[in-house]
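So that you can tell them apart, the chains are marked A, B, C and D in the order they are listed, and the count of residues begins at 1 in each.
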């Protein structure tokens, strides 16, 4: 995914949190506006797209289901890149990026499972099956939640950074498993139809709304991610200031 | 109000730590327990607090009318550890103990006043875990102030405190005594309290008999 | 029995609720952090990098 | 005592708290079952209630060892034990209740989601939720006894589970049988459910008293 290489760019250029705050503050309004506009266009396109001859109206669920699943994986990839940043360059902002992406990734994973379930019920006749694709995405959700628990378990964010980064990278093996599960195993879930070596097998009338929705989701992700990162930086700043306040009170250093 | 200990004997495992420890304290008096490591100072204090059963002997706290009162409700115990939660704010910690140990008899200081009394004004909103070891100990002392109880049982109260805080602590105990309280403290360091009684635990561990030099 | 339209509607509604909820939580979190910062600054606490003459002795 | 409940809940939900861990563990335990026995939906829906109950039992035991150990480590336990008998029993009761609110109740709320994954019917899921609601407090109350006994031990966590699991078996038996009785027709739901509720009430009375006795003895 191209976004992950781009993300590596920010971490090196926006070396210090203050500069990140200033820059993200300027970018955020445009990003949010772009997210809203693309979402509106995407929603319009997905409701005007023709119905599928097999699946009828339920095919419209695809336009919010598939991008959610993509974003769930992309978010994890962003976290994996950030984790490399934490481990290799020990960049404080990398940890902030990885940590604040967690709830967003969990939300997208949850959405892909939920909308998939709502799509599966009328199509397959069941809310849930334990097939490879569904199960591996469920495992992804568990990993998001586990990482959130790990961050929550440490009261000092600096101490959680490295263990969380290691765990994130170990868990990254799940991402290719999710992607190729439909090809490697015979499953109920349909095989990939957009991102394929021999080009998409999906009709253009459905492909375009899907792509627009994917762009909208990506913009929503980065908007939320920037906001969450800013919050996290402020949170750490507050913690640092409190520690400092504690040091200066009580006159232990006074004669 | 007075506190009377009669022929207390403390035992750890097979060895007797101390034998026949007797003393009595009146309002406004303090007892300092000294002795080498392992002499049983902590054991004695925990025994007085009712946290350990006495091998033999009694410790009775009685009110001004001479009727015995439960030690658990009329004594503060400050052990080696501070009894505070790292993840909660200082004000939440003190507020909890104020609520939890509340007695009808007497009101203690307000939380803010207690924090001021240990000269840490401004830390109320900070999580307890952010404080240095010395500051944490001072907040632990503030707990004794938010609920008013006549007898203070203090085990190494000045551990982790610098000299200035030592003096602060001594002043707190003096105030407490002046208001008619009592204090029993185990410590290696001089507390800077004038007119205190002292009890020396010799720390000779013997299976058969121990030796105690009584307070002067 | 739910019609197919219901499933479509539920999916879109759930997506909207989840994403808007996340947005609201994030905004609320940001407000709370900014308030804390303002409180600390009102008390005269400064970041080390802002403190005049570096860290105090 | 309200102050104690408030404090324990605040600690459980703040950073470093265990409130979310129980649910996650529950989720993970139940999710690995299909890997072990295969994705046969009919089989899963048949054994679903039992799996959910076992998962909830294990998740409830999680974190029980910290019930008194955390207070012992920071010295608070001394102040909790330094009370009259009634005060100490009430303290244990409140701490167990806080533990249930922080770990047991979320399990009850997560049960429908797992019921869906187990392909259980709505009725069956509802029955499991109801029995969990009635039964999991008993685990916290009886678990307090194990936690009090193991409070001073270095590897208390495993020991608590070993001590408490046998005592929790009746809870499991009646919880599961009530859940099945709700879906299989001839069996009545109420008798096992009433027995389950009775066990909870009994443990709510017995657990705090026994735990208080253990704490009095263990303070050294």
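By our rule, contacts are C-beta pairs under 8 Å (C-beta built on N, C-alpha and C of every residue); 3 or more make two chains touch, one makes a residue touch a chain.
Keep in mind it's a predicted model, so treat the numbers as computed, not measured.
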Check your understanding: Whose C-alpha centre lies nearest the centre of all protein C-alpha atoms?
Key -> D
Point to revise | By number of C-beta contact pairs, the top two chains | key: A-C
Point to revise | Centre distance in Å when chain A and chain D are each reduced to the mean of their C-alpha atoms | key: 34
Review point. If you average the CA atoms of chain A and of chain C, how far apart do the two points sit, in angstrom?
Key: 17
Study note, to complete from the structure: chain B and chain C have mean C-alpha positions lying a whole-number Å distance apart equal to 45
Review point. Which chain B residues sit where two or more other chains touch them?
Key: 86-87, 122, 125
Point to revise | chain C: positions in contact with at least two other chains | key: 43
Check your understanding: When you check chain A against every other chain, which residues touch at least two of them?
Key -> 155, 242, 245
Check your understanding: Using the touch rule from the top of the page, what pairs of chains touch, sorted by label?
Key -> A-B, A-C, A-D, B-D
Check your understanding: What residues of chain A sit close enough to touch chain D in their complex?
Key -> 117, 126-131, 135, 138-139, 142, 145-146, 148-149, 152-155
Practice item. Would you tell me which residues of chain A are touching chain B in their complex? Key: 155, 242-243, 245-247, 249-252, 254-255
Revision key, fill the gap. Chain A partner, complex, touching residues on chain D are 15-17, 20-21, 24, 27-28, 31, 34-35, 39, 41, 44, 116-117, 119
Check your understanding: In the complex of these two chains, what residues of chain B are touching chain A?
Key -> 86-87, 119-123, 125-127, 129-132, 134-135, 138, 162, 164-165
Exercise for review: Report the residues of chain B in contact with chain D in the complex, numbered from low to high.
Suggested key: 46, 49-52, 70, 72-73, 75, 77, 79-88, 92, 95-97, 99-101
